[in-house]
Amino acid sequence: MQYFWQKSIRESVEKVLNSRFPFLFIFQEGIILGLPFILLNYKTYLQGTGKGAVEIAKACKAVSEESGIEIAVAPQLPDIYRVASEVELPVFSQHLDGVGAGSFTGHIFGKAIKEAGAVGTLINHSERRLTLAEIEASLQAAKEFGLRTVVCTNNVPTTAAAAALGPDYVAIEPPELIGSGIPVSKADPEVVSGSVKAVAKIDSRVKVLCGAGISKGEDLRAALDLGSQGVLLASGIVKAKDPKAALEDLISLV
Amino acid sequence: MQYFWQKSIRESVEKVLNSRFPFLFIFQEGIILGLPFILLNYKTYLQGTGKGAVEIAKACKAVSEESGIEIAVAPQLPDIYRVASEVELPVFSQHLDGVGAGSFTGHIFGKAIKEAGAVGTLINHSERRLTLAEIEASLQAAKEFGLRTVVCTNNVPTTAAAAALGPDYVAIEPPELIGSGIPVSKADPEVVSGSVKAVAKIDSRVKVLCGAGISKGEDLRAALDLGSQGVLLASGIVKAKDPKAALEDLISLV
Amino acid sequence: MQYFWQKSIRESVEKVLNSRFPFLFIFQEGIILGLPFILLNYKTYLQGTGKGAVEIAKACKAVSEESGIEIAVAPQLPDIYRVASEVELPVFSQHLDGVGAGSFTGHIFGKAIKEAGAVGTLINHSERRLTLAEIEASLQAAKEFGLRTVVCTNNVPTTAAAAALGPDYVAIEPPELIGSGIPVSKADPEVVSGSVKAVAKIDSRVKVLCGAGISKGEDLRAALDLGSQGVLLASGIVKAKDPKAALEDLISLV
Amino acid sequence: MQYFWQKSIRESVEKVLNSRFPFLFIFQEGIILGLPFILLNYKTYLQGTGKGAVEIAKACKAVSEESGIEIAVAPQLPDIYRVASEVELPVFSQHLDGVGAGSFTGHIFGKAIKEAGAVGTLINHSERRLTLAEIEASLQAAKEFGLRTVVCTNNVPTTAAAAALGPDYVAIEPPELIGSGIPVSKADPEVVSGSVKAVAKIDSRVKVLCGAGISKGEDLRAALDLGSQGVLLASGIVKAKDPKAALEDLISLV
């Protein structure tokens, strides 16, 4: 069961059954009990910088524990160590370069984020695009250091291409909807369902997240109904007056 | 006195006079007592990743205290907080984006590195080149957060251009010599003296560092003799078996 | 029959049967008569600049007519019009941006290369890498203007990803072999056969070229034996003393 | 006299004195008779693609001959040869890479645009930004092939930096005003006069153009009054119903 990657299958299933939010994922392959994956991207929002990065992570952890839903955070690079040291929840990097040890000043090295406490990374976010060769190198680097990978894409064909590289997740985010407050699941449901289909055809082990404009319970619900297995979101939570309340609303319809 | 930016002039002058390595800088404007500035770039070297980042910083601090020479370190982004929390010496970032708070996933925000403990940043290192507009924006961002700036350049004209942007330092590093083990001060002394002249003509407040191939006492000595006010160096110290001994050799002829 | 895209199937088959170099392609789907596709990238070689661009194109046309093998050329952008006006053979662009009409100074617009006489384009060459989103946009632009597409890749996973975007061709070129004189078909045959397999799995309509170090008859022969349907090559012909003789050698074992 | 670079000084002065639009430039160095330089950037506008590129160039030539004012055009790369072959006026490239002959697929090589008929090039346009090192290399390449250079910048500090690299012109264009229809000379006159001052301080041989939102006679007039020596403009002419009439309006107040 993917959503409890750090635990045994048995524990995971029990947790799902006992959770306040039991949920059925229906895949082509059959029926699988599961819970969505929520990845909160802090971007460079003031509210999620420095001390704020830790505070929001604490809110995520609290809601994750209450609900049994895995919530991970992606703070800024300089805040990874601080968040990972102070809060026990999955911490992602916002970016990873496909570089090794050596002459790569200013680049993000897999071993460095791993040692700082990250367990995964975003790759190719629309605000930090990479060449195809760099995405592949970044995935190799992540694999080498045991980091989970979320490759961001902008439409169905790029989602298919990203899936062919074998990441853990692709996150489809139409750039025009990012930060718009208009959820992709409403504005462009076909891009989500199309991505889910395209990925299933290329590599059924790759999971699909959906992003852009997601902030409310109905958005996450719609995203799941369209076949995605979670969401990548940002401002709706990080810039909320009460991030914990916003997260509770987000998962209210799971 | 620039090299003791965090202290009063009086203290600085006394420190110089009492140090084991008194040194006279002769500028066009007159005679100024001073000591060079040494900035150690960790790049993504394994030896300077995670715990290693802290260990090397401790060696730098020890040598700095013994000698009175300012030594700053530029660890990887995820290690800034850790190094700055554990060792009291100037910590630089290897890169800074000219972005504000907002939708800049994977970018390096001035406030984030400042809060993590950085006091300055490299900009436009040859391994992380920026557009001219980005360099200028990065300098603005650094200024906003009170960060010292070192803009890297590759030849005399780009050094002049960088000086026109008003950073604290330009660091001239001919790319073909970086990591070569051949010190720029020997291989291409004209690029150093030419840069010193060009900068003096554009803005005499901007200081010149020289980099590429610097690792030994004679390299630093030659760099200073050519008119630079310090060095940017990397592998010669970070990958040394005994970084502290290597640093002591580096400053032995100051 | 793909290799005679501008003619009818019937004509093509006849041309193959009557050519001096009849050749059997065996695909998974059955037996197809065919001839390889040769795409000659001029890069910025002096020999292929300006008038030279036209001269080399004439040599290509002569060898193509003698042999019945399709040979296309990719001169520099400013030479497309000149070559296409003076020589009747397929002209490709070395690059295409996925931009429309508008504010895209310095970008390569599909309509402009089409009107200049190009019939296709290289996309994402190792010397002009694009982001994944840009590759997809470039393919869309090419499609809009009826241009054939060759997406360059660097290893098996990126080849699979590129195939998922549905170009006409992917051209696998391990960067370390480009310009090396060591043919990829000898140095790393697995990357070619692996790419052929990966592409067949993703989209069997996509054809595979192989590049890097190709210049002789045995190199092309080996490339075809590994399952590719042609080659992308450059210096071996463009910088040859006698490009026509070099081309004749290239196709001698087809 | 700069504006008649292809003619002798004597001819130029006579042409100015006899023209319908005599104009006095007052420089710090004294009084120089002169006429502004107008550079028309076609971007990727449909109207300026292919045949349209030639038509607009003809309109420019006609107005230039009537007025004695130098008007140059910057069509798309694939149209340089066509425009330069069919119309006798100065043709600029929209971009130039600082590369030599060799392995630079998809890059713009100085010799290629020179042989296609270009006499100059834009460098670092806001829609095609370059790193500082690339700008300098591009300028070197232009110099090698005797091409005139216009480096685009976005504010006063970057203008100063660009001037330190010694181009023929810097063209200051605040990105937020490009394509806005609001002339920089009205919206932000300080950026123009500040650029003129900054350039004079760095290198008085470098001339200043101003761009962004320029389309009418009063815009050019204001640009000249602020101390610039010409304008870089685009949509106002290229997308005009009658480009010739638009050009005549543009120069009506010179």
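Labels for the chains are A, B, C and D, by order of writing; each one numbers its residues from 1.
As a convention for this text, a residue touches a chain if its C-beta (ideal position, glycine included) is under 8 Å from a C-beta of that chain, and two chains touch if they have at least 3 such contacts.
For clarity, every value in this text was computed on a predicted model and none was experimentally measured.
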| item | value |
| --- | --- |
| Touching both subunit A and subunit C (chains) | none |
| Farthest-lying chain, centroid of Cα atoms versus that of subunit D | A |
| Subunit C and subunit D: spacing of chain centres that average the CA atoms, whole Å | 37 |
| Where subunit A and subunit D are represented by their mean Cα positions, the distance between them in whole Å | 47 |
| Distance from subunit D to subunit B - Cα centre to Cα centre, in angstrom | 39 |
| Sites on subunit A at which at least two other chains make contact | 126 |
| Full enumeration of touching chain pairs | A-B, A-C, B-D, C-D |
| Contacting residues of subunit C [partner subunit A, same complex] | 124, 126, 129-136, 139, 153-155, 157-158, 160-166, 198, 202 |
| Partner subunit C, residues of subunit D touching it in the complex | 41, 43-46, 49-51, 74, 76-82, 93-95, 99-109, 111-113, 115-116, 118, 122, 125-128, 178-179, 234-235 |
